[in-house]
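Some structures are shown below for you to check.
In what follows, subunit A forms one complex with subunit B and a second complex with subunit C.
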Partner chain A sequence: MLEVRLKGFRSRKVFLLAASCLALCFFIVGMASRPKPAVWVKKFKGSRYELMAAGKPYVVKGVCYNPIPIGKGQDYDWWSDPNKPWLTDGRLMQEMGVNTVRIYKAGNNPGSVKKVISDMYNIYGIRTVMGHWLGFWEYPCPLYGGKEFQERVKKEVLDMVRLYKDEPGVLMWILGNENNYSCFGQVNPWSTDEIDKETDPAKQNLMRARVYYSFVNELAAEIHKIDPNHPVALGNGELLGLEVARDVSPDIDVVACIIYRGKGFGNIFNSLKSIFDRPILISEFGADSYDAYLGKEDQNMQAFFLQAQWRQIYQNLATTKGGAGNCIGGAMFEWADEWWKHNEYDADGWSRHDAESNWSNPSYYFDIKAANNKNMNEEWFGIVALSKEDESGLDRRIPRKAYYLVREFWKNPVLTDPPRKK
Partner chain B sequence: MKTLLARTVIIVLFFLVCLSMPAFALDSREQKKASLLVTEINKTKDSAKLHALFNELGELYFNNNDFDGFLTALSSVGGGDNKGLALWNDYYTALARYRQLKYLEDNQLWEEYFANQNSWRTQITGSIAKVLEGTTTADPLRILSRLLLWRFYQDQQDPARELQLSGLMAETEEYAAGNAADIGLIKTAADELSSYNEKGNARQLYKIYVAKIVAPGEESGKIKKAALGFYSQGNLDLAEAVYDAYIERIAQAQGAAAAPELIEIARQFSYGDNRPNDPLYAEKVFARIEELGGKEALDEKLMYLRAFNLEKGKDFLAAKDRYRDFVASFPDNPENDEAQYKLGIITTYIMRDISGGRGYFTKLSDSDKVSPQVISAIYQLGLLAQWEGKNEEARRYYLALKDKAGDGFRETVALANERIAELDGSRPIEYNLKTFIDVSLRPQDVQSDRTKFELNCHPYRSPRNQDVNISSSYYYGDNGCLQPEFQYLWSGHLGAYHDVSNDSSTAPDSRGLTKPDTSQSAFTTQYIHNGSKEVNLVIVSASGVVDRNLDIVDVYDSPGTP
Partner chain C sequence: MKRMFLVLAVLFLALPTCLLSAETSSETAKEGSSAATLAPKEFIIYNDRNSRDNHYIPSGFMGDVGDIKINDQYMANPHSGATGIEFVYTAKNSQGQGWSGVYWQNPANNWGTRKGGFDLSGMTKLTFWAKGAKGGEVIREFMVGGIKGTYPDTAAVKFGPVELTDTWKQYAINLAGKDLSYISGAFGWVTNSDLNPQGATFYLDDIKFEADPTMKPEDHKVENMPFYVYADRNSITNHFTPSGFMGSYGDVKVDIASNTDPYLGNSCIKMVYTAKAAQGVRWAGVYWQNPPNNWGTVDAGFDLSRAKQLTFWARGEKGGERIEEFKIGGIMGEYSDSDSASIGPVILNKEWTQYTIDLKGKDMSYIIGGFCWVTNADVNPEGATFYLDEIKYE
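Coming up: the complex of A and B.
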């Protein structure tokens, strides 16, 4: 009797073991055969990250793209321009080695937007990073704590995702740009009744950041439900506020940082690892090509900074030994000059290549001795200059020195490895 | 005659062209010297001597920006099996390329820079790698190489710089702990770190260096001389470290009798407009003097100096205590009015104690004397009364001020007139000034604690009618391309100002004065009469008040230190 019982027990045990093995096999096979998303982030040991697109590692060699012609303002709908500037630009970009354009906000006509994305991808192999301002530049200031505001922005973002998620050229979504500065009272300040009740300004800042990053996370989670094929990046000015994002934004896949620190990015790569362990895309960086001190164009200065910046990006890719390994690439600001930027309200000025600087940044040290130290020339950031000379209905594009130098760097990225430890 | 003139013009033009060209190849005398140095290097075995010879050879070429010439000269160095010489050669190859890249970048000679940068960088790291392979931490060459490698990565803002810095520190300390052949190398490393603003690490190495040079048997006179030498070079970190050792030695040996020597050191580091100074170090020495000799070790001049130092070191609370001691101990001192006025300003606007501050101002205003500080104190009493809404009391103060000032003290009288006009017109206090008083005195603005931006004046002790530069600096942090726009609300005794941004004087306004506008973070002014001039600033951003601060300039008949 005991033997029979034991036998029964043994056979049941064998059966359970076999069933478990079978289930495990199904699970493993299932996992292996489940298709990977079109674009995804691969994580390696030591918080090193690589972006994967179409099954291959993808280093973002990008440019910020907003081809406003001379004489037009920021509202100009270039997406619908019959002269198709993206075709001229795409060819030049392809020749340079650009593989990504970063768009801050999609145009109003979905058909035109789809056409741009697909032309860029199908003709030139250039993918598009789609962005959204999250109402940052609205008037009055963005009310990230307001339900009505949140719902409206959420609808806009999710509509964008639904419209373009199936375009093969889309690389990822970036939510916001430097919106985090508004949480810290530096620009576009906003508040809520609850925040106003707090008297400690430092605590107020953290409360705002919590509200903002929670909202962005909600958007990211919703995007993932609609579109599992593309990563969602958080656009952030520097690393400010990311210690809050770490706690409330688990659905963010990539941190997309806007950084203007001259020829380098400081400790940003290693710092990000300890603050918010995510891959980093330097989604906006660059240098202007105007020497505000000498009052003349200086293409070499711009080329020097851009090349140094790209060297740092490459030094911190997952495949480079010795670096942080969490960088997935960058998008230079910007492809072509924008002549409207000095004063967006002065329509006459849109036809003038303004050389008056609006801001100061000592990290771009060559021309920091300009009056009031204002050395950054907003209309001169293009790696391609515009000429009033007409070429197929477009302002003629004149690549600057940075175009050629970065092209050569991408072809042959020479890095300086430190000597091995003895 | 025409030919002669033409020749002269050609010769002059030739020399002008030569002068305007950057220095390059060595002249024949220098070439001869270089070849002698190379010969000597090839014969020398001693490491310290080699270092000196290579340095001399390097500077000969580097001063002429002839880096390629130096590398050609290096190709004649060594050979055979002299491995030590080969390593020196590697180091100097790296150094030459490093300096060449820096030279090209600094002078924006881009064609050569872009054409060679990659290969030269590789040459730098490759050459240093060879040195590190062939040396130990007992070898000065290794420390030099570590230093160069760190500077190279630091200049490039390369992520490897942190690792290189810790390597440099660890190996320099290891080198110092052994039989360091050349202790000057520790100082060289510290100097470089200091020049890159790595102050903490620099101090650490200076401390090690000082421990080496201040050996127990070393004569005190030599230590003092060394400290003075570093002070004269403007290397205050090192001078202070050596003086610390010197002070401890003489304090232990002499006790209170060391006070005169310490006073000399305290004076040396005290605030001065145009010489190296560190008021807070001076205070440290003053405290040691007091420890050794009691309060009586400091006379009235030194007590005033101590308070003044603390004020210039922006330690206003400590300055207040010292000014208070000074005023109590020496009521008849000529600087007493100044000290009383500053006590009033600090107590009112720094400590937010309106009644305490008013006490000091009242004491001055009750005085029979007529001094700039007495006049300013009456103005302050009027201002505080006006801010509190006691308009008639304020008017009485302003009228008393005018009465006492007579035809003098035009700047303060102009301010009083402006306030009287506000009272007459039932208008509030001028916006900038009112904002400053609001955020300085209202309890709800306690977070405006003067920590978010700096306010500085130069010089702090100025003769009348001479330029005083007043500047604020706010650390923006790294903030992408979105720079917050600030408004600068200046108020107080601003003198007759002119705009520093375009260096053009502006016409005085109806008060006979002008005022910097809200876009200016700095300005230059002149004061037309003596006194202690408080300068107030509130910085405002889109989200409200960022912070407030104040500073004080002392205007005298003739310049001088207290």
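Coming up: the complex of A and C.
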């Protein structure tokens, strides 16, 4: 009797073991056969990150792209330009080594937008980062605490995702662009009744940040439901406010930082690790090519800064030993000069390459001695200059020195810093 | 007799030739010392008033030049020889600068506009003897090199602050590993009226470069904690200077020697912001910089890697004054701060309150902008008067 019981026990044990093995096999096979997203973030030990696209590591070698022709304002619908500027630009970009364009907001005509994305990808192998302003520049100010505002922006964002998520050229989504500054009263300030009741201004800032980052997280979560194939990035000015995002934005995959710090990015890579452990895309950085002090174009100055900035990006890729390992690439601001930028309301000025500066940034120190220290020239940030000379219906593109130096850097990245001047 | 005459004749003819030859070789050695090779083990800046070995001239008067008197034949009690150098610094701020100093230059008054530097390669330290008339006189910095201009020095080394004693004491500035191939500003000192409110009389003697093979290049210096930005008006432990005025700088008055109820010690900092938008913008602020007015143009950051936080005490004159931001670091330029951190907005209490800027996770390896505040007229329409004290990294 005891023997029968033992036998039965043994056979049950064998059965359980076999069933477990079978389940494990199904699990492993299931995992293996589950398709990876088209684009995803791979995490390594030590909070090092790599972006994966089509199964391969992908370093974003990007440019911000908004090809407004000379004489046109910011509302110009270049997506529908019959001369197809993206084809001319895409060829030049491909020759340079650009693999990504960053778009701040999709055009109004979905057909045109799809055409641009697919042409860029299919002809030149260039992927597109799609962005949305999240109502940041709406008048009078964005109301991130208002339900109506939130619902409208959410609809716009999710419509964009639904429209373009199946385009093979899409790389990721970026939500916002420096909108966090509005939480800290630095630009486009906003509030809610509840925030107004708080008397401590520092706490008010944190409350606003909590509202904003919670909203962005809600968008990210919704996007993931619709589109599991692309990461969602948070477009943040510097790292300001990210200690709040850490608590309320678990669905954010990437921090897309907008940074203008001259020849480097300081401690931003390691800082991000301790504040909000996510991969970082330097989604907007660069330098202008006009020496506001000497009053003339200086391509060397722009090339110097861009080369140094790319060097630091590469020093902090996951594959580079010794760096932070959390950088996945960058997008230079910008591909081509925009002649409307100095004064967007002066239509006459759109045909003039304005050399007057509106703002100061001592990180770009070569021309900081310009009058009132205003050394940043908005209309001179292009890697390629524009000429009024017509070429196939477009302003002729003239690559600047930075175009060639960055191209050489991408071909043969030299990561050692030049000796510090003493 | 004939033979003796011949010997005397030869001696008579040969002696002047030998003397001439000796003199010529001596001159050659001197010229050689100012050229490429420097075999000597020392190179004198000041021995005695009339010493032929002296080099360089204490001609580069700086800052409040009317506050400095020099006597280069001080005979009452030199360290050695017959004379030393006496400096009387009156701290009267004659030119409104608040500081004074003197450079030893070659040739005199050469601020890098002319050639004149010596090649001092091989020298590894500069030594000098110093004493104060009473003891307690503070020299903010002694310098070697650092002259800029068309013909800049190849090295710039600073040493200090130094609190002098009332007896002679020797000091050594380590120059090992420095490029001394062209030095036109051999030596200098700088001090200010905050460190010496009653002025200072002090003495220097036996200033010289030396080739000491035991000297080793100094390791990168990581500052010890606590590291004061401000302890008291004339504290030798202070670092950085509130020199970086921003925005409507005409709206800001700084008194770093206020005796109105300091939190600790005999003084605190009083800030008056009038909110009048003197320069047309409705905000203002002040950066504490090293050296003064350094907006990232001078390679002079402190390594404060050991700092975990910056603490300071603050109070408003009425209470309710609002400071938008207290900050450390963040100066960007050719030599940028390695990081930044801030708190704010802060509404000040009428009573002293301690505030902390957390530095955990920050890269504090290179800091030029040691402390900063910024506010604006929108949140202080009537202006703001506030006090700061005991600002320190720890």
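In this section, the second predicted complex is superposed on the first by the 416 of 422 C-alpha atoms of A that agree within 3 Å, B and C clash if a C-alpha of one lies under 4 Å from a C-alpha of the other, contacts with A are read in each partner's own complex, and residues count from 1 in each chain.
The rule we apply is simple: contacts are C-beta pairs under 8 Å (C-beta built on N, C-alpha and C of every residue); 3 or more make two chains touch, one makes a residue touch a chain.
Given the structure is predicted, the values throughout are model-derived calculations rather than measurements.
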| item | value |
| --- | --- |
| Room on subunit A for both subunit B and subunit C (clash or fit) | clash |
| Subunit B versus subunit C as contact partner of A:Ile275, first or second or both or neither | second |
| Subunit B versus subunit C as contact partner of A:Asn267, first or second or both or neither | both |
| Partner chain in contact with A:Ile368 - subunit B first, subunit C second, else both or neither | second |
| If touched residues of subunit A are counted for subunit B and for subunit C, the larger one | B |
| Contacts of A:Pro201 with subunit B and subunit C, given as first, second, both or neither | both |
| Subunit B versus subunit C as contact partner of A:Ala324, first or second or both or neither | first |
| First, second, both or neither for A:Asp89, with subunit B first and subunit C second | neither |
| Shared subunit A contacts, counted only where both subunit B and subunit C touch the same residue | 200-201, 261-262, 264, 266-267, 270, 361, 420-422 |
| In the complex with subunit B, residue positions of subunit A that touch it | 178, 181, 185-189, 199-201, 237-238, 240, 258-267, 269-270, 284, 298, 300-301, 303-304, 308, 311-312, 315-316, 322-324, 333, 359-361, 366, 371-372, 376, 405, 414, 416-422 |
| Complex interface listing, subunit A residues touching subunit C | 200-202, 205, 261-262, 264, 266-267, 270-271, 274-275, 361-363, 365, 368, 420-422 |
| Touch list for subunit B against partner subunit A, complex | 105, 108, 110, 113-114, 118, 121-122, 124-125, 128-129, 132-133, 149, 152-153, 156-160, 162-164, 167, 444, 447, 477-484, 501-502, 541-544 |
| Of all residues in subunit C, those that touch subunit A in their complex | 295-297, 299, 322, 331-334, 336-340, 343-347, 360-363, 379 |
